[in-house]
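Sharing a structure, written as structure tokens. Questions coming.
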Amino acid sequence: MQRIGVFICWCGSNIAATVDVVKVAETIKNEPGVVFAANYQYMCSENGQQLIKQAIKEHNLTGIVVGACSPRMHEATFRKAAEEAGMNPYMVEIANIREHCSWIHKDMEETTEKAVVLVRTAIAKVKLNAPLMAGESPVIKRALVIGGGIAGIQAALDIADAGFEVDIVEKNATIGGRMAQLDKTFPTLDCSACILTPKMVDCAQHEKIDILSYSEVEEVKGFVGNFNVKIRRKARYVDESKCTGCKICMEKCPAKKGANEFNMGLDNRPAIHIPFAQAIPNVAVIDPEQCIKLKTGKCGICQKFCGVGAIDYEQKDTFVERQYGAIVVATGFKPIALDNFNEYGYADNKDVITSLELERLMNAAGPTGGVLLRPSDKQHPKVITFIQCVGSRDSSGCGKPYCSKICCMYTAKHAMLIREKYPDTEVHVFYIDVRTPGKNYDEFHRRAVEQYGVDYIKGMVGKVYNENGKLMVQGSNLIDNEQITIESDLVVLATAIEPEPSVRKIATLLTASIDTNNFLTESHAKLRPVESPTAGVYLAGVCQGPKDIPETVSQASACAAKVIGLLVKDKLKTNPCVAQPDENMCNGCGQCANVCPYGAITYVDKEFRLGGGKTEIRRVATVNPAVCQGCGACTVTCPSGAMDLKGFSSKQIMSEVEAICKM
Amino acid sequence: MQDVKTEKKEFTPNIVAFCCNWCSYAGADLAGSSRLSYPANVKIIRVPCSCRVNPMFVLKAFQQGADGVILCGCHPGDCHYVTGNYYTRRRMALLYSFLNYMGIEKARTRLEWVSAAEGQRFSAVMNDFVKTVTELGENKRLTDLRVKEGE
Amino acid sequence: MKDVELKVVERAKALLASGEVARVVGWKKGDFCFDPSPAVFESVEELDGLVYNWFCGANLSKYLIEISKKEGKTAVFLKPCDTYSFNQLIKEHRINREKVYAIAVECLGKLDVEKIKAKGVSMIEDVEVVEKEVKVATAYGTETLHKPEVLLTKCETCQKTHQVKDEEIILHERPARDVDRFAEVAKLEAMTEDERFAFWKEQLSKCIRCNACRNVCPACSCVKCVFDNPASGISAKANDAEFEEQLFHIIRAFHVAGRCTDCGECSRVCPQNIPLHLLNRKFIKDIDGFYGEYQAGEEAEGKTPLTSFTEGDVEPNDAVDGEAK
Amino acid sequence: MTKEERIENLNRLSGTDVRKCMKCGKCSGRCPAFKDMDIKPHQFVSMLCQGKIDELLECKAIWNCLSCMACVERCPRGVAPAAVVEAVRDTVVRMQGKNGIKAEEIPPIVDELIPQQLLVSAYRKYNK
Amino acid sequence: MLKIAKERLNELYAAISNAMELVLPVKKAGEVNFAMWAEGKEVSLETLKTVKSPKDTFFPQSENMMKFKTDGKNIEILDIRAEKAPTVLFGVRPCDYKAIEVLDKVFLADPVDTYYQNRREATTIITLACAKPEESCFCKVFGIDAAAPAGDVATWLDGDNLYWQANTEKGEALTALVKELFAEGGEAEVSAQQEKTRAIVEKLPFATLDLSRLSPKTSTIYSMTLLGRK
């Protein structure tokens, strides 16, 4: 006979405030099968769990039900407590009487009645629980980092330093990501390349790190500890092992008209090129849309001049398949397109630029060699106007509803650098709110205002129009309640940022959940910010939400810590709630394999003894418990119900339905 | 709104909600933690994925006296098990249309995609569904009357 | 029709005698001319009892599930509608294709003896059909009936062709016809919810759970049916409450959805004449409407509508009667 | 009509949720009639939000607004200042009991000073 | 022998169902089965055979055997057998009546099935003779006279009247209840119909069914238990 113990938690006042916990415990006491019922302020606390362990031993309970918060919160805690008291951890069921009951209903009588029903449902389920043993699956001691920006580099270095092999898959020809394009970084104003390139070199020289540049993730199979990833090595038309980075081919290449993405298209680059000086790997790449040889078959100059014969026009995309224990997603961000914001005249005026374009203009390796000149006539701009929140905090549908977090700081940085280098330049900043929280951030912004005299105007810009060569920036000055127009030579838009569009594809590959703004959803906003709900997948950098470099680096290291914690283990406990076919009832009809997303179901011919000594060979299904993730799609496709799911069997769910509906 | 305890206990529907563990159950938790209330007669059963819900469960719920059954899952494309909710969508599309063909009011059955971040939407959906089912009144067509009278 | 029968018996005897097949599955003569029943013939002598006449409505493919497991090959006569069920059972690995020799036999529609009797004709001795005329020879003289009025319900809307054949016996070409098999379903869909509920409540309340529909249905051939399995939670032997009547037919229709070839056997064998085919056709009409034309049993491999999907499938809340409302 | 009812009515008439405004001032930044207005577009929204409607009902600005919708078109939070102005104007007209404008009254008062758009919007709203 | 005009049958049904529950062949959605009579239901006595046999009233597919009340851990059982209301089973064909006799041999033999017995005692069976047997009828082989059925009351139906003959006390008791609806007479019409029916039965294909083709073992069982043995 079942001997069930029921523990009702007060959760301080979270439950006890609207649920009469004592009454619940009393009513449950005389439910058939219940031999022990108690209530306590904090079941998840040390002595709460002690109460459980004691009750299990004293009343030799066969199953326990805890009426408390969501199972997603403390199911593991109570299962561990039960296990320590010698009970199979899967004989524990949770009744969610907090999020689904006490927190959302007011009337005491109603919530108490519902709490009783929810606990009774959990009892109905636990009566049909069978003890389950978690299986084990090996952990492959190698990590994959998708994205070679500062987030990916930092995560890779930390993991490699712990002695584990790491592969970095970078979409572009070189690692470095968005940070490589920056000039200076806030709040310390140190040069971006100076702090980034040493880390890039460390990655290249680290024997545990393998950089797969100009490559993309094509396919991901398997699960935590056993990912099987297929990576597409895009054709570079240059042999990485031979190219020494001498750049002769860049000089000789006749097709010079390619837009240089690295400089945001402000200048040109030859078809064969190395993106920037400190590129890692320092190997050229040919742009197939622009190379005359690849398009028309004529030319081939670069091959002639290449001293080491590294150029190979026949190179094709190749595929590499590797196994990994954990995956870090660090796909980074890009500024949003400004097509919905023509009121700022970005499309029709060359001198209306985005902040990232300004970074390139001010960068020594940039198109103007570090001298700030207007893109239109290469003149030195006398009056520069910055416009904040272009596309951010916009819920009208044209832009992004969220605040991009980093624009206030980098605009203050730009303003300060311009005022310092060219003191005669007038700098105005139209802002809604200046958001510079955290250590030394507001002080940084105040220096721009107080020490460098940057003119901050509270109010948004209505429109920017061209009047005989001058850029007229018309906006409102809310403090003086005026509408003002500033004649400017250069207008810089602090554009909103969004995650790399390719992250959507990666999210589907990894079944990582993603929100409507394309940011990957973390497992828990406060308690597990760097993990994806999909086990074994970790999130670093802006792919998880807008953040600046210091936060990105700390998140990358946090991911590394989590990955190391995983790879250190030799074995991982696998989910025991997997599908299980009943061979005597299986028709062998093959429908279940059609719906299994993981290919966990195969068919074998098995001999069955019929009555009277006769036997029969029948085709039956078998499930590989290591591959099956327990989704249950097969159980519904199976008409005879031969396929059932351990831990969520049809009978259990039916009994829950019955308990819920019994008033 | 005046809460009259004395007048005849007017009809409150009994709603069974199947929520998938990864998205809609988390959405329900978020609705809870954000204190977004919805009527108490909605009771939630946790399933690993929306594709685990068998038409038998839906019919069992109606038999045992439920007046409305709602199935919540991840948005298509977000399913933790990659394709689970696509199959759910087809199965429930056919089942709900078939029940309607048998004369069972279509509004008694419902399927909603609720992600882990949509606590607001979860509460709104539940409030709306309870209102719809209350208007429909007690389920007299697909139920086992003996269970109702507590035989 | 007699010429076809002769050819059938002749081929059956030849195949059995030559040892090419170990047994023949066909129809055996009953007590009367209107009640042939499916039978297995294992010797040439027995084949004298083999008939193929206007009342051989039974679909033989389901019997092959067990028979094809036996030693040696089996010959079977398949009407056009039977071949779809045959293909569907091969797709589900229930029949071993190599062990079956399929003979596609001509079919110009089969007659329903209950409809003939309902017209007041009794003591039937023989039936002959010419074009649209049915001549019924009885103890009280010969009656002439109009063929479309006494056809089996499943033959009224049949536009099926042979999907699989190792050999064929077709002496008369069947005139192609254009019939909307969903007319009845559409009529029901047009009714109000209350009318539909009343219609089905009345029809299903007649159900005595004799399981004839389940036992005859090729798609409903589980080794152990969910209604016989106490662990399933919905097992029941009788409809002791109105709900069970609905539950049995809803679950059965759902289990065969996407796999039912609309062969009409369920309605043919129902002792209470419940129009069960209108349930399965509803699923077929919905699947065609939601996910595009699909005829189960046309191919012997590939996925069924319920084990495949597309990104843009219709949402259940607006999916009614084959469209998104 | 009490003040609360008036506020509630204005909110309903404007059909926009003034609490969504994040006070960025873009609407005023785009308003061509900004100079002639005693109460600026962004003030219509914030004052209705705080319930200070007495000044709104007496202000001159409701007659200068051209209904050109420049403010509505680019508001990042989907608020419609012009709709608030229109609601106030509508309330003022209703309070005066004037019953709008007939088609035949328009030709004599048309001249190039009065923007054509003003007449159209007046006709659309006040021809009962 | 009593008789009542066909048109007045409804009054007969109403009278009977005042005193007892009346179960008779009712046509519903195109099929005829035994069901409880109620005003407005389409009674169909002409249909030769109902889909399911009337023996269901004594041995239904499913029936409530007991009720129980639970409060907390203890359970209380309530016996519902005594609640069986007196019933009249009208329109039973001779072959169906034989089926009931076969069941009696099984359920009323020791140990007696009290549920079956409870129902059987509470029920008065009114049989209805056949006028137009069909080709598939084989009642003659089992010694059943289609024209003169047994049962508490035997009835015959022809074009315009229903003829009523009580055979047992139960039959007499029921007849007493509804006597005033009837008129005397009708023996002639009954015997005329009986001649015609017996003539048809002779000509039926299965009139002389040779049971020996069944395996010898089973045929003896048939002959021993069914053919006329009481």
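So that you can tell them apart, the chains are marked A, B, C, D and E in the order they are listed, and the count of residues begins at 1 in each.
Everything below uses one rule, namely that contacts are C-beta pairs under 8 Å (C-beta built on N, C-alpha and C of every residue); 3 or more make two chains touch, one makes a residue touch a chain.
Because the structure is predicted, anything quoted here is derived from the model rather than measured.
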Between subunit B and subunit C, the fewest steps along chains that touch one another = 1
Remark   = Shared touching partners of subunit B and subunit E are A, C
Request  = Report the chain closest to the protein's overall CA mean, measuring from each chain's own CA mean.
outcome  = B
Distance-maximising chain from subunit A - centres being C-alpha averages = E
Request  = Write out the two chains that share the greatest number of C-beta pairs in contact.
outcome  = A-B
Key: Distance-maximising chain from subunit D - centres being C-alpha averages   = E
Ask   = Distance-wise, how many Å sit between the C-alpha centres of subunit A and subunit D, to the nearest whole number?
value = 46
Key: Computed distance of Cα centres, subunit E from subunit D, in Å   = 87
Message = Using Cα averages as centroids, what's the distance between subunit A and subunit C in whole Å?
response = 54
Query = By residue number and range, which residues of subunit C touch two or more other chains?
reply = 226, 232-234, 306-307
Query = Going by the touch rule set out above, which residues of subunit D reach two or more other chains?
reply = none
Ask   = Residue numbers in subunit B touching 2 or more other chains?
value = 55-56, 60, 77, 83, 87, 91
Key: Interchain pairs in contact, sorted by label   = A-B, A-C, A-D, A-E, B-C, C-E
Inquiry  = Can you tell me which positions in subunit E touch subunit A when the two form their complex?
reply    = 70, 72-73
Note = The subunit B residues in contact with subunit A across the complex are 3, 14, 16, 21-23, 25-26, 28-29, 31-33, 35-41, 43-49, 51-57, 60-61, 64-66, 74, 77-84, 87, 91, 115-117, 123, 147
Task = Note which residues of subunit A are touching subunit C in the complex, please.
result = 584-591, 594-595, 603, 616, 618-619, 637, 639-642, 650-651, 654
Request  = Enumerate the contact residues on subunit C facing subunit A in the complex.
outcome  = 69, 91-94, 220-226, 229, 231-234, 255-256, 303-304, 306-308
Query = What residues of subunit A sit close enough to touch subunit D in their complex?
reply = 343, 389, 393-399, 432, 458-463, 474-478, 481, 483
